[in-house]
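Just so it is clear, A, B, C and D label the chains in written order, and each chain counts residues from 1 on its own.
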Amino acid sequence: MANEIKELMHEIDAFTQERDWDQFHNPKDLALALSIEAAELLEVYLWKQPEDAKKEKVKEELADVFNYALLIASKYDFDVAEIVRAKLARNAEKYPVEKAKGVATKYNEL
Amino acid sequence: MANEIKELMHEIDAFTQERDWDQFHNPKDLALALSIEAAELLEVYLWKQPEDAKKEKVKEELADVFNYALLIASKYDFDVAEIVRAKLARNAEKYPVEKAKGVATKYNEL
Amino acid sequence: MANEIKELMHEIDAFTQERDWDQFHNPKDLALALSIEAAELLEVYLWKQPEDAKKEKVKEELADVFNYALLIASKYDFDVAEIVRAKLARNAEKYPVEKAKGVATKYNEL
Amino acid sequence: MANEIKELMHEIDAFTQERDWDQFHNPKDLALALSIEAAELLEVYLWKQPEDAKKEKVKEELADVFNYALLIASKYDFDVAEIVRAKLARNAEKYPVEKAKGVATKYNEL
């Protein structure tokens, strides 16, 4: 498939349109929904060691995160692969290998 | 490209490995990072009408969200397209078109 | 002081009113702001052991959290001590000592 | 009561100790819990106009936010009124009335 991500975005958009949910899906509320799903993913790890979180729950909550992230991308007609690669390129400048190697410091403190 | 998302995940993983950041990237902290990025996206809309958020800022923060979501998927070796479609299928059961059409109610209140 | 929390709420409200910020402070955006500040607090712990977070930073971000939580309480004219105690009473029912002792399980899984 | 907030913190701490939950309550996980509760408060406003959120639900989720914020304050032995007032003083410098009046701009963009 030439365009796996776009295909996925179409399927998610179709799901929304069939239910007439587009009226609720302004980008601000979608960003709220994304934040809420990210917190539900966080909850899978609450009071636990990282390795004790249940994989099945992680999978489900992470799917919800992707769902809303893709809906927002679709709203703005973003090419996901392109914006992620553009950000990686910017991060490569902010965190050059020779400075950032093995250091978990925020770039403005490097 | 047969596998656009996996290709993207490889690029993100390579970025991490070059910097020896894998040692910090336990899934719990990755979930924290994702939640923090989701909040930064939210901030683009704060005190604003949805349409007044700056598209360039949305793009950048959303890219960060995808970055961490893909890192988590990679940690667990999830097939992103598959887990999103599985969730869509489950959501289709929870929100059947005839009940959910035009209604922004949580499924357990339908 | 008979009413320490109310006094604090008055000071925060006065700060807002002097700046004419009440026009931005609808409760939904205040909830966004609170969520964003909670994420900034979270960031103090990111990639760290709990004890390695800098106390000064925790203090500052936690103060922001209280600031917005108190602004929301003020918007709805809530008595903070009262709503916290009401919640504690409800939690005491959901998590009776004999069942919940030493167990970090969500009440609906107890 | 001379010290309403400290009294409240003692009650919350007692609740925790009776249940032996102190073992789970490292400050990092408490910050996760706070973030999760802030997201649950956010959810009360999702897909809604600010004024359509149910007050009873706001009250309950806000109480949870205060609960965890007070637990964190207690962990670090912070004087809540003091840290909030210190932050207000700092904010008064960052957002002087003459510059900030009626403007919802972040201080570093003023």
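Quick note on the criterion: a residue touches a chain if its C-beta (ideal position, glycine included) is under 8 Å from a C-beta of that chain, and two chains touch if they have at least 3 such contacts.
Nothing here was measured: the structure is a model prediction, and the numbers come from that model.
Same interface as C-D, judged by over half of the contact pairs sharing residue numbers, among the pairs A-B, A-C or B-C: A-B. A comparison of the A-B and B-D interfaces places the larger number of contacting C-beta pairs at A-B. Distance from the subunit B centre to the subunit D centre is 26 Å, each centre being the mean of its Cα atoms. In whole angstrom, the spacing between the mean C-alpha positions of subunit A and subunit B is 2. The residues of subunit D that reach two or more other chains are 24, 29, 32, 35, 38-39, 42, 45, 47, 104, listed in rising order.
For subunit A in complex with subunit D, the touching residues are 24, 29, 32-33, 35-36, 38-40, 42-43, 45-47. Residues of subunit B touching subunit A in their complex: 1-5, 8, 11-12, 15, 18-21, 23-24, 26-29, 31-32, 34-35, 38-39, 41-42, 44-45, 48-51, 53, 55, 58-60, 62-67, 69-70, 72-73, 76, 78, 80-81, 83-88, 91-92, 95, 97, 100-102, 104. The residues of subunit B lying in touch with subunit D in their complex are 32, 35, 47, 104.
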